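First, the structure itself, so that you have it in front of you.
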Amino acid sequence: MKFYSDNVTGCAPEILEQLVASNSLKAMPYGADELTSAAEVAFRQVFESDLETLLVATGTAANSLALAAIAPSHGAVFCVRGSHIEASEGGAVEFMTGGAKLVSIEGDAGKLLPERLEAALADHDEGASFRKPAAVSITQASELGTVYSAGEIAALASIAHGNGLKLHVDGARWANALACAGTTPAELSWRAGVDVLSLGATKNGALAAEAVLFFDSQLMQGVRERRKRSGMLLSKHRFLAVQFLAFFNSGLWLDLARHANAQAQKLRGKLAAYPAIAIVHPVEVNLVFARLPTGLTEHLAQGGAEFHQRKDGAVRFATSFATTDAEIDALIAAIDDFFESRKTNDRPADFHIPRSTPI
Amino acid sequence: MKFYSDNVTGCAPEILEQLVASNSLKAMPYGADELTSAAEVAFRQVFESDLETLLVATGTAANSLALAAIAPSHGAVFCVRGSHIEASEGGAVEFMTGGAKLVSIEGDAGKLLPERLEAALADHDEGASFRKPAAVSITQASELGTVYSAGEIAALASIAHGNGLKLHVDGARWANALACAGTTPAELSWRAGVDVLSLGATKNGALAAEAVLFFDSQLMQGVRERRKRSGMLLSKHRFLAVQFLAFFNSGLWLDLARHANAQAQKLRGKLAAYPAIAIVHPVEVNLVFARLPTGLTEHLAQGGAEFHQRKDGAVRFATSFATTDAEIDALIAAIDDFFESRKTNDRPADFHIPRSTPI
Amino acid sequence: MKFYSDNVTGCAPEILEQLVASNSLKAMPYGADELTSAAEVAFRQVFESDLETLLVATGTAANSLALAAIAPSHGAVFCVRGSHIEASEGGAVEFMTGGAKLVSIEGDAGKLLPERLEAALADHDEGASFRKPAAVSITQASELGTVYSAGEIAALASIAHGNGLKLHVDGARWANALACAGTTPAELSWRAGVDVLSLGATKNGALAAEAVLFFDSQLMQGVRERRKRSGMLLSKHRFLAVQFLAFFNSGLWLDLARHANAQAQKLRGKLAAYPAIAIVHPVEVNLVFARLPTGLTEHLAQGGAEFHQRKDGAVRFATSFATTDAEIDALIAAIDDFFESRKTNDRPADFHIPRSTPI
Amino acid sequence: MKFYSDNVTGCAPEILEQLVASNSLKAMPYGADELTSAAEVAFRQVFESDLETLLVATGTAANSLALAAIAPSHGAVFCVRGSHIEASEGGAVEFMTGGAKLVSIEGDAGKLLPERLEAALADHDEGASFRKPAAVSITQASELGTVYSAGEIAALASIAHGNGLKLHVDGARWANALACAGTTPAELSWRAGVDVLSLGATKNGALAAEAVLFFDSQLMQGVRERRKRSGMLLSKHRFLAVQFLAFFNSGLWLDLARHANAQAQKLRGKLAAYPAIAIVHPVEVNLVFARLPTGLTEHLAQGGAEFHQRKDGAVRFATSFATTDAEIDALIAAIDDFFESRKTNDRPADFHIPRSTPI
């Protein structure tokens, strides 16, 4: 019953196998090797684009390097309030850019609405604040597990570009979003106007591998140097490349994401059957947010279930490529056990929470 | 004949096995897991110290975080000219500290001499430069493959501490140095006065694993936050821990280092037998610096040998845990072939280079 | 009719005289002079405290150096949304601290309410955000011209200190606030729990002179070095000192502030007499915020009046030590002229704006 | 006998007069005023160039902002060892650029020799160091009081530009150098290939006024925002402008510089007459470096003379626009007095110091 995060898993077996298989190679360090070159080819094929890539070991590294490439130290980056770059990365963007400002905008179920972006841009006083609007950063899938369609991204990109800003996507769960959107990588990224994409593999089965994809190679200036000076250039770089080669091989990344998404739907369906449990946001990827009746959270935790307890009282269950039916069944059994013993499966009085509450 | 760097190898089999063996575990992310706790215990046992650890994926991360912990943004860090932090890490120390100054001192076969450190400290005008002397950083083994004895480190530590500075050691090849020194980890580190040690495992057989060891836990303030905000905190942190657990298991780290060192001695011995080849620095770990006669460098490179060609004309051969006798023999055979064909195994006219030349 | 800012004036004659009078002196540069020492004595007398001072030429320098002294690069600084450090200083705090986070809290007529500070601190998740709560920063008088009483400051200081944070005051208009509060400098600062005060003189009659007062000398560590490395240490430092000596001489600073405040009251009184004009915030110092009927803003601007037009539609009139009755009368005459010609002095339909709107 | 620095003086009377004369004006803050516009026109006329200007209050601000405009955070800036930006500005360049590296080159009497610059560029390994060569920065007049001719600058500019670098000049004593060079401002700057010039007025008679001149307006991108966020934008900006207007008025700046230079020549001539005193560097501007016999330094200091005692044993006398004949005569009288009493005017045994010693 390990639903705390999609980070609690190890490595997908297919990825680990490739890692082991390539281990005996001797390769030049710092990315000057054939596996890295092969990974670049794979990225270009998968995205149907002559893109440039940068491989790192963490999502925070990917996001902060991506944004430092498109926002100067006096820049403003517009994002959803509570997004990972704002709330959970310890100021990495501010640090990497040398002090850029994150301007946060209230999200709608985790997503940035075009009209709110326009309002925030209109409200921004560049002259008085000495802050150059430089980038919009959205999370796909969002922190609340919702997915932007290609059309929604295009609308945001249009506003961003129309105001001279670049569009960045934090794609820690991008494969999950792609699996949900049912379109192609190209349609959901550069064809919709995305300039830079942080494409995560770690949450979806890699050991530690994230890529920054620059769909415009002009934006790469100085990025490799920044990666080095921020300590993020791995010497045995080919191990990052190998993970992505396995990730893309035979569509593994989508298989892994589809499994995680499907398990979340399974869990959602079972939870929704309890009148006393409320599903808080649309479940589109591998995250299920729910509001539990009094006592159930503690009951589950005591029973060994792990999940994220939010400040607003809701809980988050994250499924992954490794989530088994047995885990879900065990959780449901623990819930049944709770209601059995209490016979109190009414909806709690504090049930309603608005869709846009950031959790 | 892959002698370019100790980074060209993959992972030592014993380490990879542990990585695979622990993969099916589900563990809390970001270091809140049992493997990380176990690794901390292992570090404390190995170093006989109640130290604090910080695990990262690169040596540059380790060094810059270590120095940011002991040098403020207006601090001065004294190091050997051409040391890795000065010449090869892209300004990571300056970046991570917010602008600290590296004051470089001419080394002696790569090592910092106490009298030169004292002279540099005496020469430093804190008032006029607004630079607070904060730390001394040395490399063990040095960039030229030489090793500081515990006594030599103690002499430097005494000067550093006497002037209110901390002593940091960049130990990318610390296991190799320890194997050479023939003493205990404690004797070569905190008992000799080292305050913070960047202990590398990657060059010595890990996939990507480096540790910063703080022998004084007071120095840890804010370090974990810095690691996060610089993008260096791995979500599946236990994979770093596993590598170190395997590294220390049954003295593997020393076995790997001894093999690398022994292969370097073997290579040194064979090279030294040629009158036309000069060994440039004492070979104490796994690095052999040599001066080759005209034409041999190109001959070897064309024959597929890989090694580092220095700006000063010397070459560096790095052995590793994975260097085989066959590789050495192949290199020697290629050298024999060169001399055979040329019959010119005289010492080149430009033979002499001073010991302190930074290469 | 120059009401755009208190910055539009030159230097108060008494201050300029002292500057001229001391000009022929030859003095050691960078603060090692007798005038600087005399200014330090003056500060200590005025504030009845063994404080430490740092003199700079701008308020942004003062605020960012003050906060860099008490907030690390991974720190969080709590302030009112729209406060000068957040909205109008171009990210100076983020830059000087190396990336600290400003956490903004909705103000009440520009002031921070204790309960909102407590809520923000309770809401801050240090573990998840990797952000150490480090400081609270308030503006005295606030951006909306309101004044914190000594008691109100003490309440905030108590919360800050109880949570391990320091309390900083941005006192760009501190003399105006002191004149309003009718208490002593000590009562309104350190006795109420202020740890660091940015005391502005420029807006209140100096040419360019701001001081950072550290009531706890422990907080000064590294501050002088930071001032130098950020380019804010004046070589002919005594000119900063002279301005403060004149500022404090015979209570000049309070005389200047009282005049500015009195002129604001005069203006407020006259504006309030028009039914169609709404005074937006309590007028406690030298700032008058008003909501003008349609057309009046343009009429006044065309007539040569200068004032700040806010994004929310309100306007700000700033008086100063140099504001004459004639200027006020000219403004009022222009307003009379407007209403005379329009005969439309009804309250506009959009009159009501809530007190806490940040303008 | 105040020869410690050209910073010990107050303001030149002509400049102070203009400051007083313009004081009663009310002007828009932050540079949006007519005096600032007038100063820009003056700069363009004086330099015969459609340049862009940035006014600040300190030389360190000017230099660090100038270099941050042309060097990225991963850039390398080549300069003479011991130059002001390297030795005396507390790391301002590193701080403002976000960590750029100063690569120091041994100077020749304070000046950068073209062949040494070429060697340093050739020696720089961009790939291995991750440091992009970005700028060359020289000091005019140099820290040792020597002057680059227009031809010498052109030679350096040619090398810089040929390698893709920009040429910056730290002109804290640029007026003194110009007076010595006997050419026009244009010839000594942009026509010789200078891209950015930090033009100092403070040392040459201003209260606190420095300008950064961008001869290519493309280089200005983001510079105004950086000035704000580093706290260097003065609110009553017109006071900076007024100082430069007075500085350029009727050639005042050159008159002031010529006086300072002439007094240095006078002093040099008198000192050179003593066999026991050695003049160390060519005296070309307002700095006289000398080596005094044992005991004389202390004798003069005790007699009230102020001058800079260098670590290498030499002393520096700085003259200024305000240096009187009486001060020089008093110094000479004190020297006479010393020799009279000692009768030991022999050259000291340790006389010889090489020309290129950085002091």
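Assorted remarks:
Order of writing sets the labels: A, B, C and D. Residues in every chain begin at 1.
One rule holds for everything that comes next: a residue touches a chain if its C-beta (ideal position, glycine included) is under 8 Å from a C-beta of that chain, and two chains touch if they have at least 3 such contacts.
Note that the coordinates shown come from a computational prediction; the quantities given were computed from them, not determined experimentally.
Contact with chain C and chain D alike is made by A, B.
Comparing mean CA positions across the assembly, the chain most remote from chain D is A.
Each of A-B and A-D has its own count of C-beta contacts, and the greater count is at A-B.
In this assembly, the C-alpha centroid of chain A lies 52 Å from the C-alpha centroid of chain D.
Averaging C-alpha coordinates per chain places the centre of chain A 42 Å away from that of chain C.
Between the CA-based centres of chain A and chain B the separation comes to 35 Å, rounded to the whole angstrom.
Contact of a single residue of chain C with at least two other chains is seen at positions 73-74, 89-91, 94-95, 98-99, 130-131, 225, 228-229. Chain contact summary for the complex, chain D toward chain A: residues 72-74, 98-99, 130-132, 222, 224-226, 228-229.
Per the touch definition, chain D reaches chain C in the complex via residues 2, 4-5, 7-11, 13, 16, 20, 22-30, 56-65, 89-92, 94-96, 202-203, 207-208, 225, 228-236, 239, 306, 322. Residues 73-74, 87-91, 94-95, 98-101, 123, 125, 128-131, 311 of chain B are the ones that touch chain D when the two sit in their complex.
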